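Some structures are shown below for you to check.
Look for subunit A in each of the two complexes below; its partner is subunit B in the first and subunit C in the second.
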Partner chain A sequence: MTEHYDVVIVGAGPAGLAAAEAALAHGARVAWLDAQATAGGQVWRRDVEHGWPPRAQRVIEYVTQHANATWMPQTQVVTAEASELLLQNESRAWRISYDALVLATGARELLLPFPGWTLPGVTGAGGLQALAKQGWPLAGRRVVIAGSGPLLLAVAATAKRHGAHVLGIYEQASAATVHNFAQKLWRWPGKALQAVSLRARLAGIPYRCGSIVTRALGDSTLQLIEVDGPRGVERFECDQLAVGYGLVPNVELAHALGCAMKYEGAHPCIEVDAMQCTSVPHIYAAGEVCGIGGHDCAWLEGRIAGLAATNASIGASLLRKQHHARTFAAALREYFALDPYIHDLSEPDTLICRCEDVPLRALEDYDDARNAKLATRCGMGACQGRVCGTALAELGRFPRSGLRPPLFPTRLATLGELHSSCSQGSIP
Partner chain B sequence: MGYRQRVKSYDLIIVGAGIVGTACADYASQEGLRVAIVEPGPIGGGATAAAMGHLVAMDDDPAELALSHYSLNLWESFTGVEQIEYSRCGTLWVASNEAEFARIPEKLARLAATGVQAELIDREQLYRLEPHLAPDLCGGMRVSREAVVYPPGMAHHLLNRARARGAELHTNRVIAITHHGVQLADQTHLAGTVLVATGCALPELLPQLPIRGRKGHLVITDRYPGVVHHQLLELGYADSAHGHDDSSVAFNVQPRPTGQILIGSSREYGSDTPDVSMPMVRRMLERTFRFLPRLRQLDALRIWTGFRPVSVDGLPYLGNVPGQSNVWVAAGHEGLGITTSLGSARLVIDQWLGRATAIDARPYDPARVAA
Partner chain C sequence: MSTVRIEIDGETLDVPAGITVAAAIARVERPFRRSVKGHARAPFCGMGICFECRVRINGVAQQRACMIAVHEGMQVVTDD
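Now for the complex of A and B:
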């Protein structure tokens, strides 16, 4: 038997939470699910020491405790068939159907290869933030944050809060660009305030612009990094390097559902109308998955999608705010555009596909993702090219090849034992 | 540019760079011929990429057995090529009931008559060889020398060898066969004898030779080394492979050298989209769990589909195209094209060169269709 809901929301970050809150307020029966154990998504990830941010806590409590809401934590959508989703968690598999579906699947980090990027001790910037919030010990460790955009400041603040000794923040954009961007911040007073408060918390931590980490070195774990910046090439010791060059929308489920895409740079995102409706009727999308915009966009768009999914009216001021938030995102993209130098950091033996250990050298003869995959196994691993395919697209090599089902590694029992008479493919 | 300047001449123009086309290019170039190979897409990107890559002797039909045995011997010279991922895991045919078990001696005799060594496996040996098999099976038959390979790797290897001997790859599409050769999509003309090896796309160039696509699904798991040791098939496999039902499934599981497990097989007529059919996947996996219940708990990474090129009678078309003395064909290998690619290439090219063939070529003569 398939469980039916008025509204199903995939993703429990700001967009998913806002959609859930709006839909519940209009009387809908809502199921919301997330691959993580706790709600909040990436940006509102619960900190084991400090809990959720207050704004997130309020809405998470409201949505979790609502009688019409069913919360499905640690749950993944593994395939999508005509108006039904096949779900699995650690112990069972089941199907749900919906009148309306809201895709709030967020974004993942854009991980770009450079020599040494696969050494233990090197992570994404968001990856380090998540580790810190989950209680991974950072106290006393020498941490370098590098990459681009305001996320670096938030990551540094989290690391510092957890006792890390942050040696510096290395921003690839030039000092002039960052200065010009700061001059524009008055248009988004909330953002300006956030920046001021972050800078205050990061007092004493060097913030170097026009600087790129070009190499990570170490025998079996990170020991040394090399930075190229206005002061020339420097090498210094550190224990932890977090590199964040930006985010990439998680469009795989939307793609499986047949939603039309548009491109932001080298990466697809979901095309939506003003009501956050995708090209497929009754399927809405909100937040990062519609283009990287940050949690303000996500919150506002989630709310619009939740209202639209329940046929509730949407106020003009909400739409105006959403538009304003998107202009901030566009400015971010413009000012923090990646220096093409970053595309050329890899050396012939730098691994591109970590799942299958494929170095750059092996890919030199290919100009098509499928050809490269068939010949080298690049992208054949468990992540199905989410990392290497995305990086190769960003580096201008070739677009990522099509994803095959299932969307995530899935128990064979889930795929094999779901006849209508037996909806629960539990493991014996 | 004048017409004459745009014509290139070859001894042999091979259309299609799947495993069959590349095997033909390899053999023809080895014989000193000037070879062109025309392929608009990836090398080994069609049925070759979708295939399991099981090198197996099928004994249900004498002609099929002769061609697979001939080809298996030719495969022996490739065992050391890294790109091919050759793994001699052997084939273990599993009997799910006493009747199937009782028929094994006949199979052994048929295989032995051709020269294929196989052995009867009793119940006790069966579980020693494959401890995770379901407990109610009756035994089986093992063919130890059989192997699994990575088919696109073989297509690349064969093509590279041919190119090293001077064969030329044209990344282009053949739009027509002419009196003297082929015309390409960019209006270039190649002159020479034409050999069509385009699998499911054969009717586009040779509509008189019918081919139907028989869709199959495959599932590959994450890495679980040591769970399965042999290519495992149910003895009832041939009923699925040779039956004419619109759809059927059979237990067919393969250990990849990576430790991954490749799970087949389904056969389906009437579907011409490559979309994965979850109901078909469920049927296939149910069949798998009946023989290998242990697999239930393993993670699947990917599911894909492909189309087997099926001729009118299940045997490939290998030879001269009736009424077109300049046009030859090697296509329609259904699910055995990886195994039989090498033998097929020799059979066609030896006939074209007017040489005696190593096995009787008549069962595969395309003239059987025209007649």
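Now for the complex of A and C:
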């Protein structure tokens, strides 16, 4: 039998949690699911040593313990139809249906190729933060953090907290731009406060602007990096390099559901109205998936979506706050826009598709993702083009194409469930 | 902090409870997997997107080590 819920929420980060809290407060029966084992999403990811941030812990406890809430961890959506999702976890596949669906699928990191980026020891910036929070050993290791945006500071703080020796933070935006951005922060007092407290925690760590990591070197693991900045090209040793150029919305599920998209730069995000309603009736979206906006946006929009999904009234002040939070997002985008130099770091033999080891050289003759994929296998591997397809779109090569179910690599038995009339199939 | 006992490539290891398989493998500094052309690879995205951290866990191949927490008695095989 298909399980039915009033509201189903996909994603357990700030947006999903706020939606769940609002919907539960209005009497709805809620199912909320996430691919991760613990709630919190990326920004509120639980730290095995230090737990959740206090604000996250409060709401996670409320939602998890609520009698009307069903929490489905380590669960992935395989396919989606009008009012039904096919789900899979470690041991089974099953269907759930809903009156309203809230997409709070968040964002992943924008990971861009450069020579040496496939070496063990090189990770995303948020990637390193996630790994560290889950016990990745950093004590005494020399760590360099690079890329763009305020996330780099948060990553450095986490790395330091876990005992890393952070050699420096390399921000691609120029010093003048970062300075101008800091001057504007007073408009968002909460953000200014965060920035000040991060600065204090990062005392002693060099923060270099206008600097780009152009190369990682090493035999079978990272040994050396090359940085190009105002002081010229420098090379130095490090054990761990974390590079992130911002975030990209996870729109795969919304796409499968037929939600209308808009573009922020090269990447699609879900189009929503003021009530967070997508172009598909009864489907709402909130947070990063509607455009990168940070966790304040996510929290406010999740709340709006949760209220809208239960037909509760939405106060004008909530809508005003959400609008203000979105203006911060726009400022971030403007000030931390990527230097085109970053699009050009790859050399002919730099691997673009990490799953299938396809070098840039092999892609030169194609201007369309589908043809490139058929001829070179680029984007054909396990990540389904989430890394290389997104990178190629950002680099202005060709847009990511062919988003097709299943949304993640899927066991055969789950695909069997797709076509079976019995909805409670279990997997051997 | 409580620990759990796992095996990585036959080597017994006590690791803090709650950490991921990826974090456990990093402690013994082993390669996670080889790419199609034979290069060593290790976790990259840290959040289940890139599939670079795939290892064999309790006999099941192609599991993302960054998404799964260690459990008592777990058998992990890297570079599979």
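As a convention for this text, the second predicted complex is superposed on the first by the 423 of 428 C-alpha atoms of A that agree within 3 Å, B and C clash if a C-alpha of one lies under 4 Å from a C-alpha of the other, contacts with A are read in each partner's own complex, and residues count from 1 in each chain.
Definition applied: a residue touches a chain if its C-beta (ideal position, glycine included) is under 8 Å from a C-beta of that chain, and two chains touch if they have at least 3 such contacts.
Source: prediction; values computed, not measured.
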Partner chain in contact with A:79 - subunit B first, subunit C second, else both or neither: first
Which superposed partner A:220 touches (first subunit B, second subunit C, both, neither): second
Which of subunit B and subunit C A:126 touches, first, second, both or neither: second
Touched partner set for A:230, first subunit B, second subunit C, both or neither: neither
Partner chain(s) touched by A:370 [first = subunit B, second = subunit C, both, neither]: first
First, second, both or neither for A:134, with subunit B first and subunit C second: second
First, second, both or neither for A:381, with subunit B first and subunit C second: both
In the superposition, subunit B vs subunit C on subunit A residues touched: C
Intersection of the subunit A residues that touch subunit B with those that touch subunit C: 381-382, 409
Touch list for subunit A against partner subunit C, complex: 35-37, 42, 48-49, 74, 108-109, 111, 118, 120-124, 126-131, 134-137, 220-221, 354-357, 381-383, 386-387, 409
For the subunit A and subunit B complex, residues of the former touching the latter: 79, 81, 86, 368, 370-371, 374-375, 380-382, 384, 404-406, 409-413, 415-419, 427-428
Residue ranges of subunit C touching subunit A (in the complex, touch as defined): 1, 15-16, 18-20, 22-24, 26-27, 31-32, 35-37, 39-52, 54, 62, 66-69
Residues of subunit B touching subunit A in the complex: 42-45, 49, 152-153, 156, 219, 221-222, 263, 276, 278, 281-282, 284-286, 288-289, 295-304
